[in-house]
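Below, subunit A partners subunit B and then partners subunit C, in two separate complexes.
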Partner chain A sequence: MAKETMTDFPLAAAFDEAAPRLPGSDVAWLDALRAQGISTFRAHGLPSRKVEAWRYTNLNALARAGFAAAEVDVKLAALPDGAALALDDACSIVLVNGRLRPDLSDLDRLPDGVSAEGLGDLLRRAPSRAESLIAPAPNASAGALAALNDAFLEDGLILQIEAGAKVDVPIHLVAVGVPVPGKAIAFHPRNLIVAAAGSHATFVESHIGAAQGSYFSNGLTDVRIGRGAMLTHAKFQDESAAAFHVALVRASIGEDASYDSFVLHRGAELARHEVHAAIDGSGAECRLNGAYLGTGQQHIDNTTVIEHRAPGSRSSEVFKGVLADRAHGVFQGRIVVHRDAQQTDGNQLNKTLLLSRNAEMDTKPELEIYADDVKCSHGATVGELSEMELFYLRARGIDEATARDILVSAFLSEAVSELRDETLASIFAERITGWVDARHADDAEKAA
Partner chain B sequence: MALLEIRNLHATVDGKPILKGIDLSIGKGEVHAIMGPNGAGKSTLSYVIAGREGYEVTDGRILFDGEDLLELEPDERACAGLFLAFQYPVEIPGVTNTTFLKTALNAQRKGRGEGELDAMQFLKFVREKAKPLGIGDDMLKRAVNVGFSGGEKKRNEVLQMAVLEPKLAVLDETDSGLDIDALKIVADGVNAMRRPDNATLVITHYQRLLDHIVPDRVHVLADGRIIKSGGKELALDLEAKGYAQFGGAAAA
Partner chain C sequence: MVATPETIEQLRSVTDEKYKYGFVTDIEADVAPKGLNEDIVRFISAKKSEPDWLLEWRLKAYRAWLDMDSPDWAKLKIDPIDYQDAYYYSAPKIKDGPKSLDEVDPKLLETYDKLGIPLKEQEWLAGVAVDAVFDSVSVATTYKERLEQEGIIFCSISEAIQNHPELVRKYLGSVVPYTDNFFATLNSAVFTDGSFVYIPKGVRSPMELSTYFRINAQNTGQFERTLIIADEGSYVSYLEGCTAPQRDENQLHAAVVELVALDDSEIKYSTVKNWYPGDENGVGGIYNFVTKRAACRGRNSKVSWTQVETGSAITWKYPSCILQGDNSVGEFYSVAITNNCQQADTGTKMIHLGRNTRSTIISKGISAGRADNTYRGLVRIQPKAESARNYTQCDSLLIGDRCGAHTVPYIESRNPSATVEHEATTARISEDQLFYCCQRGLSEEEAVSLIVNGFCREVMQHLPMEFAVEAQKLVGISLEGSVG
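Up next is the complex of A and B:
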């Protein structure tokens, strides 16, 4: 039988050495969780492309890079300028290589109705309280990388929004990767976002690199949205060019609750953003949207699974991306409508613009429907810029490079405008314009 | 010197000869009309003048204001003062009409060494041009031509012309699909632009537009050649007798 996994990943070996140093290493439930995590990871190893969910994303380069646990304490006095999203009034919380840094965070000026604390701190101070928070939902998916996150469970953000709190200040998690020269480091932040019943909040993530160099961020974020709560969850992935970014979001959405999420990928050598959203209550809404910008040899994977488990719920997905050079994009979108989830409305759209013959997109929609009164649709297109649209713009005096830029930005704007928060939408649109302009400048340089 | 001088123009599309030796000279201050049956090559001629890719000139030349037009990129031609109102205006999702017009105008102003208009100046300017065409703010805010009716698309072409103030406007069947009121609005828009130093080439299938935009010369294009030229009465003659007299396909 063909080998299905890559088991010789050095992190598996590094675990025994790292384990005693992890916070709460003497706590029985934590010890058991980590032991279970590492044994699952050892049994499966890094997923290879024979694993269906990883069919289009090859982790060989990650395996070759041979990442070790990030036990090095990083000196970082300030955040890199202009790298994170510019959310002026936000309350920011900073993780450096997966560890919460109170000295760089606004923990002392949290808005009313919000509590934020470091997981590492909690594991040391009150591990029993952490246990109930960390326990995954019964149906939570757990792949090999989630198991690895369990094994190295160390730190992250625990964010809780009180029932009924209407929080208009965004909470901004700034996750900085700081490469360590001569050492390939890995970190496994674990975040938990709880939006209690009736609350409204906005949680934004910026993933940025402090310097050129490689690192591996293997994050896991659990999101729980209570009855009637509304959570906006936006993420900007702009890791260092040589970084590996793998993130899993496990969201559970309660009755009449709303989850509005968006991700923009711009950085990393390999990025995978995976969302498993379970709609557990009737009348709920789940929106997973995103945009991806790939150049060079970047590999960008968006994988989503939406489970409709309750009647009368809606889900919608719009993912649009632009791939240049030899960039490779992946979109896998699975929608499962369980037997009891009558009157489900699910829409999914994935559109990709290829700017080069060598760019590539794999897209796989999957509908699994067990209820009969259901409206579900999906669509996917992969295409090039329209010759006719380009000519029309040029016939009005707009030069070719500018015309291309206009069409690329216009193409992506459809995904960004899915974000209901207009301030956030315009902040992401600016990042896209920045990318388009930078590419334009690159091209001009190459032509010169 | 003529503003547009076309000499012995031959062009192919996908290797197929479409234009087979066209001679045409349009002087400043003139309006010329080209009429002809479907498939005669009218749109092909307009695309060759505008510089669309895939329309290959195999012989002949085009001078625009004394300059070799065929040497220029499509955007350079536009900046030099050439405008094509498309027979089938193109939809551009995600780009608002205002942004599109402003980018185009400022690109041309920059090309001419004039200063760019800022957002407020531009808005004032474009509203002035839009009003007589019956184009309101809602149409300016919508994505270019997306979801526009046939008539709205044609009026939008005339708006672009009014904003860009070209030296030569080529109108490719801007009248088709318009009812009589819309036709009048479009014709008034074109007439308002007429000056001693610019010119218009009206491509049309029907003579009724020429009641409103009165041409100095009328040319009949059939099978890639201009087979007859005359004064405005030629259009009436064509209306009465059809294109069949020239051996071309009958008008639709």
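Up next is the complex of A and C:
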């Protein structure tokens, strides 16, 4: 019988050595949080496929890579060109291997109503203020990897939008992974985004690799959206090809608030983007959308849980993906409607195109409903490009490869167009076109 | 192998005890001592004069079971079951039933009336000693002769073990191996009876086979084992259970059903199960933990499961199809109704292995009162299943704000030419629909029954005629007390 967990992950052993160097290591509450984190992780280890939430994502490769804590100071003078999303006028904040780099960031020209600071800095300067910010929501989900993030809590971005502030400049977090030659490193950025009551803001993340090589990014982002606030949260995951990217977003959405989230996966050997959204106020809206592009042996996992805890709220999800070569896609989406969350409206859709014989998609859309006056639905499809549609384009003189490209782009555009911010949507659409074109060129090269 | 002297001694000591469930005590039953151990397995096997290979098989299952844990992944709250506090073999010599309908629980009779069941049948269903009242024996004998002419074997599995050991040995455990899961393994060790059907090559069964018409059909026991084999080019429709609530003392039922469909054959398996669901407060009721699986081994073979589940306190049941043969077809049509404190976790598995295999899943879950109803299904497309197709639709209906409806589908696709589609919706009966019906003079309960029957129509129409009419009435009865 397979083991429930893999407990011999070297990070657990590395903790004792790393702990004294972590910021605020003499602060009682912080020590307690880290100790709790590492003991939870030691007890459970990396989740194996026996754990239902990890049924389709195998972390053996991660365990084998044996990542150590990232302690090396990284020399990085400038960001890799063109890797992050190109957002005009955006205010950039840069994390390098999980550490905030003020020298590369625009901290000095933050828009009005926005405050941004490094968590590490805050832990050193004013740990008591950090405590209330870091404290998780009472029913926040925790798992072994979130516990590991607690244990190695070190740095990240704390972004706060003042009540009523209407911020039209996007805040762009650029997280760069810089592999260290001959050393497998892990980092655990912890971000907090607070959109206070009535505020409007756009937060964008680009996760990119500075060079080829392996690293493990285990991020945790807490998102709090106050009453009537609107937050757009978009993410572009384009880590280096040998990287492991695991990210957990815990969002709590207040009364009449709106959360519009989108993720595009293109990079990493193994990526998991997990969102736990709790709708705590009535009239709130939660939109989780995404697209995934898999080639080679990539493994891309999107896992979402939306909890409707208050009456009269809406949620919608559209995740679409294309898998080529031996790529493996996973979608697990759960909508929970709690006892008194009447008048809930929840929709979920997952569609995947398999472009190759060896690609695989596992999808598990789940509904868990305890209230009767609700309208919930989910749908999932997996299949290949339609012969009819291909024929239609071919009949108009378009060669087969181009016809396929057109259909793949059109298929994905449905997910991208879910993003309400049209500028962002077109930026993501360009990235998708870039991917399709690159594949086209690859195929042509192989054929030649 | 015979029972050891100790076992016989133990047996003697308990046969003098009162019958476990109190009422009507003087039975001259063969009762195995309480509890479960290897001796009990040997005792059951010896009682049925089984061949050595079967005893060995049972013992292997029993030993495997000792190392297994009760599954906990279903969305069910199950009080721990003490497997040592039960009798695993009891063959009462019939006369433990009520002597006439006057002795039967009036509530039960009321239900029979609503279902429109003829008086004679009511007696049969209520367990009134059959030989005195109902000519089912002669009916059954007539049918049996007709089936024998066609070469169809339809008998209890115990008889089949004696008379057709080669068939039983070849197929028993070939679809659900004895190591399959906790409940199936337990069943493999201690099954006492069940049905056996063999349809020879090219034969179309001239009638729907039903346990109803099989002699000794009663008291098949809590560990029922059914094996149906459809040889090349044959067809059979098999009906299990009965729309009327059955008198039944056993709380735990762990049945296993295995179907084997060879080239060009078709098996249609319909179930209407209405075990006692427990009272309004969730006291009592049957635990139904069933493993049902079909192997579509042959080319162009087809298996269709249709189930209407309205009874049982807890249902744990996933009738599945392994689509091995090219062009084979699996279908699953299900209505599961839970009311009061009932819990159901049911669904199907469609495993596509062969080319051009097709499967259809239509599941309708209705939840009322404080009940929980979960659809749990798996569709797996293996790499060699070229052009496989699956269509799944699961709809849930909620009646009342204290119940739950859940959908947990797993979809695993490893072949790009396969098409997999899944849709699910959850809603409640709208005020408009109710108002419309009530305005036309229907009572609220009648209206709910009408609307729910409409909701289930896609499944109900796959039931054989005999069942369909009664099943529709059953929907209304199961939901009684859920409105107003």
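Basically, the second predicted complex is superposed on the first by the 446 of 448 C-alpha atoms of A that agree within 3 Å, B and C clash if a C-alpha of one lies under 4 Å from a C-alpha of the other, contacts with A are read in each partner's own complex, and residues count from 1 in each chain.
Keep in mind that, in the parts below, a contact is a pair of C-beta atoms (placed from the backbone, for glycine too) under 8 Å apart; a residue touches a chain by one contact, two chains touch by 3 or more.
Predicted model, so just to flag it, every value in this text is computed and none were measured.
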I'd like to know which partner A:Lys446 touches here: subunit B for first, subunit C for second, both or neither. neither
Max touched-residue count on subunit A (subunit B vs subunit C) belongs to chain C
Thinking of the overlay built on chain A, is A:Arg396 touched by subunit B (first), by subunit C (second), by both, or by neither? first
In the overlay, answer first, second, both or neither for which of subunit B and subunit C A:Lys75 touches. neither
Quick check on the superposed pair: does A:Arg109 touch subunit B, subunit C, both, or neither? Answer first, second, both or neither. neither
Of the two partner chains, subunit B (first) and subunit C (second), which one does A:Ala371 touch, if any: first, second, both, or neither? second
Touching subunit C in the complex: which residues of subunit A? 52, 56, 339-340, 342, 352, 354-384
Complex interface listing, subunit B residues touching subunit A: 50-53, 73-75, 77-79, 83-84, 86, 89-95, 100, 103-105, 107-108, 111, 160, 164
Note: in the complex, subunit C contacts subunit A through residues 73, 75, 381, 383, 396, 398-428
Can you list the subunit A residues touching subunit B in their complex? 387-389, 391-400, 402-403, 406-407, 409-411, 413-414
